[in-house]
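The same chain A turns up in both complexes below, where it pairs with chain B and then with chain C.
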Partner chain A sequence: MDGSVRLEEVVMRFGDFTAIDKTSLTIGSGEFFSFLGPSGCGKTTLLNMVSGFLTPSEGQVLIGGEPMAGVPVNRRPTAMIFQNLALFPLMTVFDNIEFGLEVRGVDRRTRRATAERLLALVALEGSGPKRIDELSGGQKQRVAIARALAVEPRVLLLDEPLSALDLKLRQHMRSELKAIQRKTGITFIYITHDQGEALTMSDRVAVMSAGRLQQVADPVTLYRQPATGFVAAFVGENNRIEARVIERLGERVRLDAGALGELEGRVGEEAGLGVGVEVALYLRPEQLRPVAADAGGMTLPARVESVSFEGAWLMVAARLEGSGEVLRMQLGSEVSRRFADALAPGEAITLGFDPAETVVLPRDDGPRVDAETGEVVEASDEHR
Partner chain B sequence: MSIARQLAARFGGPLTAAILALLGIWLILMVTLPQLQMIDYSLRPNLLPDQRGGPEDGWTLANYATLFANDIHRAIFLKTLWSSVLVTLLTLGVSYPLAWYLAKVATPRQAALCLLLLIIPFWINEILRTYSWFILLAFRGPLNELLMMLGLIDRPIRFLSGDAGVMVGMVYAYILFMVFPVYNAIESLDDNQVRAARDLGAGTLRTHRRIVIPHAKPGIATGCIMTFMLAAGSYAVPALLGSPGSRWFTQIIYNWFFEGGNWNQGAAYAFLLLVLCIGFMSLVMKVFKVGLGDIAK
Partner chain C sequence: MSSQRLLGWGLRFYVVVFFGYLFLPLAIMAAATFNDSRFPTVTPWDGTTLRWFGELAEDGAMWQALANSALVAVGVLLLAVPIGIATALFLNTVSSRAKPFLYALILSPLLTPGVIIGISTLIFWRQWGVGGGIFLTVVGQATFIAAYVMLMVTARLQRFDRTLERAALDLGATPWQAFRRILLPFLKPAILSAGVIAFLQSFENYNTTLFVVGYDTTLTVYIASKVRTGLTPAVNALGLILILVTVLLAAAYEFKRRREAARLVKGV
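Take a look at the complex of A and B:
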């Protein structure tokens, strides 16, 4: 059963607004694939083109190698799990799960057997006769999964299905979804704005912004080798220092960071880092650490601005002496105990980092993520 | 009583007392007493003024029995029942697709325009609207002219003075009472429910049968009850578009009161019609498994 999905140069326009710019992508059969992006980036539009609720303005969608043009929603080998689940409230759990089979003319006994089997798969044995409003949030979630799986889709489409659940349950359902995907071998296409969900569950993630794919990669690559400034800022947390290239040193570049002096960083995926190019140096908070003021290597003198206790780690905000920018540093409990005295607001501190753990990317005009609020800033607001 | 207390908190004691007194007087004088009077009428024989209070004046069910003894009246009663059911079903058949379109298909602009077009005719009095149908459906009227011109018929059809005219007129007269409750009910359905049904493979018919109609049931029940009551109690439409071929029970009641001068008999017939309506309403509520509370929504 080929559950591959191919998008061939699809474009989606609503009047003058281009929701999806020319996009091509192949999702392998049996892959857990996520689209990650802020709201309004076009990820739901893409999903709706695969499910058939929307017809692309240009290009085509293929499922299992077959073109889907002209194939209506109810004839596609996909099943969708809606953000609000859209369970049928007037039906029992059994009737919900069996609905798709009833439509296909499957006889009552086979239907019931399938429903029982799926309820067992999602750990809800015995809940079949219940009404939907008797179920908890997590149970509804499972019924929605069972209902979608009942029609034996080749591709399961999930539209932020966990967003209504509380944190604990959400984390639990992540591993559950992943397990179900492994057991069934169905292609999962998962839409989310929550990078935690995308990174923990997916085989590959496509980061989207403003109707374009920013990067398609496995979670580790996405985190360690962001291809664009948007990905660097949107996936995980990143500190950003603006600089200019002075010299290429193989894998590394020497940078002029203005008031911060000369710094070194690792060349990101994009090659266009010639001498004189305006770039951004990205430093993950967990890769910064306090060092002695006279320590060698890359150091940034700073003053502690605030310290917040986050349980397993401390998050320290430090204002750089040179530029006045605030960097965030994440410290494990051991390090933070060692430097307990230096970590009071107002204390001087020196931040050190290893250039090999950084990423240098050309400054692009694409949308950015505001480091403090986490909100996406459009390209036009880029003056600071 | 909590309502009185709430009112008192808002308006103060004396004003509350006045409001409640007015309400009470209105309910008793304008609603309850006339009804009781009619019940009293219906249970007494029709006597000359000087016989009233005499030995013959007493409560009897004779007026009610008349209907069951008179074959013609009974036939008209049953025919009114049947025709009203038919009107209700026809109105539902016309209104459901319209309500679906308004609630889920049309853009807000289209919906507003469509609603306006539906409502404008209702700015005109029911009798006048019925007269316009009288003209449209006339033997030598525009509709027959059009059908002849298109070559669909050889000679004019007699739409009026029969059931067809009455049906058309009534569906038209009561369509809003069906469209609005059904529209409200469908509107409240989450679009994703419909999308989910489609996504699971359901076609249009099944989606409506299994998802939309069950959800819209209270609205459909409300619309059916209102339309049935209005149809069964209608006087103008059958009188103008149906007579003499199609007689309605309301016309018999009218005749008892104003032509036969027998208010007692008329009152009894009116109550029988009321019983019929209440019976129909309870039946619909039972069939659709909805309570009074659902309908009041």
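Take a look at the complex of A and C:
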């Protein structure tokens, strides 16, 4: 069964507002694909175009190679798991799961057999006769999954289904969802603003911002080689130093970072890094480390601002002597023990990094992510 | 005496007066049923009797009026409830600026005096050669009773989670199936209440009915006519019976509701 989804130059406008700018994308059959982005970026709009709740203003959606134009919601080979789950409160668990089969005219015995099988799949055997309000949050989640799987969709659409759960349960459901996806082989399209969910479960992730795809890649590539400043700032944590290109050295680029002197970084994007271009050098907190003041390579003299204990690691905020910017440095317990003396607020410290682990990208004018809260500063309204 | 105790006594006094105000007329009316007097009164007490029940039973015109009232009420129920539901559903989908206007338009029969509704119904239908009678009574009453139904259904509809409907469609239901299996069961309690209210509103209506009932007669119109031609305690007997029936039905409903609530608590 071909569960591939193709978006061909789809555009979605609501009046003057363009929720989705011309977007093309192919999601493979059986893939676990996530759309990751802040609220208002258009990811829910995309999902609704696939499910049929919205008709694209331009372009078309194909599922399994078939154009979906004119195919209403109830005839599409998709099933959605809603953010609030949308379980039918007046029905039992059985009736909820069997609903999609009932409206298709499947006989009672077959329906019940399917429901029993799916309840076993989601580890809820024996809960069939229960009412929805007798279930816990995690159980409701599973019923919603079973109900969606009952109609044997080729594509399962998940709209932030874990956002209502507490942290422990959320992490548990991640692995469970992934396991169900592997077992069933159904294409999963997952919408989330939680990068942890997207990175841990997905085969590929599309990062979205302001109605555009920023980057489509597997989680490792997304983290190591962000294609835009937005991705670099939104996925994981990143320190950002503004600079200007002096010279290209193959895979590397030499930068003039003003008061910080000359620095080197790894080329993140071939095209946009000509000499003289304004760029940003991105440094992950875990790639910064304390070094001796006279060490070679890339070094940044700084002064410790604060140290916070995070269990498995320490998070050190250090103010650069040159520019006054604060960088965050994440240290594993071993390193932090070795440098225990230097890690007190007010102490001088030298930060070192390997240029090969950095990324240099053209400075983009797109939405900025607030380093403190992780929220996008210029978020537009959520349009569905 | 402390001010708190004074307040306590004041409250008790108020409650007694309040319930006296509500129920004393009913008690006197009921008592008059058993007075062996030609007039519905308790003073003077001319001896205790049950004969007014007998006279009531023999009053053929009254029984005919009662049957008519019931017929009209059922007719109104069948006409006003679907109209009220449909209007509520329609208004719920309207999001334009016309909504408050439409809302006011549909509620206007509630604010219009019943007499005016009666007269205008009569005038309107006379153009098509339809005169007063049972049919016109049903139509006339339904105009404003449908608005009650609409209000009650709308109140429930506003608590409906629309994603449930979307979920049903997404799972393959046709719009009709989604309505019948998801929305309608949700609205059921409101629809049942609206049905009861519609029936009672119709049954007790006088103002509108008087103008559109023509040569037929309903219970309220019949009783009013008796006031002019000479009221006997037989009417009190009828009132007593209606009160008892109402109380019994209300008690039965409350009993059933409590049993269901208890079952829910036990989680059976």
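In the analysis below, the second predicted complex is superposed on the first by the 375 of 384 C-alpha atoms of A that agree within 3 Å, B and C clash if a C-alpha of one lies under 4 Å from a C-alpha of the other, contacts with A are read in each partner's own complex, and residues count from 1 in each chain.
Throughout what follows, a contact is a pair of C-beta atoms (placed from the backbone, for glycine too) under 8 Å apart; a residue touches a chain by one contact, two chains touch by 3 or more.
Keep in mind it's a predicted model, so treat the numbers as computed, not measured.
J.: Sharing chain A, do chain B and chain C clash or fit in the superposition?
T.: clash
J.: Can A:90 be said to touch chain B (first), chain C (second), both, or neither?
T.: In the superposed model, A:90 contacts both chain B and chain C.
J.: Which partner does A:134 contact after superposing on A: first (chain B), second (chain C), both, neither?
T.: Second partner only.
J.: Which of the two partners, first being chain B and second being chain C, lies in contact with A:53: first, second, both, or neither?
T.: both
J.: For A:293, is the partner it touches chain B (first), chain C (second), both, or none of the two (neither)?
T.: So A:293 meets neither chain B nor chain C here.
J.: So in the superposed three-chain picture, is A:78 touching just chain B, just chain C, both, or none of them (first/second/both/neither)?
T.: both
J.: With both complexes overlaid on chain A, does A:104 touch chain B (first), chain C (second), both or neither?
T.: both
J.: A:147 contacts which: chain B (first), chain C (second), both, neither?
T.: So A:147 meets both chain B and chain C here.
J.: Which chain A residues are contacted by chain C in one complex and by chain B in the other?
T.: Residues common to the chain A contacts of chain C and of chain B are 51, 53, 72-75, 78-80, 82, 84, 86-88, 90, 99-100, 103-104, 147-148, 151, listed in rising order.
J.: Within their complex, state which residues of chain A touch chain B.
T.: Contact set of chain A toward chain B: 51, 53, 72-75, 78-80, 82-84, 86-88, 90, 99-100, 103-104, 147-148, 151.
J.: Any idea which chain A residues touch chain C in the complex?
T.: Touching chain C: residues 51, 53, 72-75, 78-80, 82, 84, 86-90, 99-100, 102-104, 134, 147-148, 150-151 of chain A.
J.: Which chain C residues qualify as touching chain A in the complex?
T.: Residues 161, 163-164, 166-174, 177, 181-182, 185-186, 267.
J.: Sort out for me which residues of chain B touch chain A in the complex.
T.: The touching residues are 190, 192-193, 195-203, 206, 210-211, 214-215.
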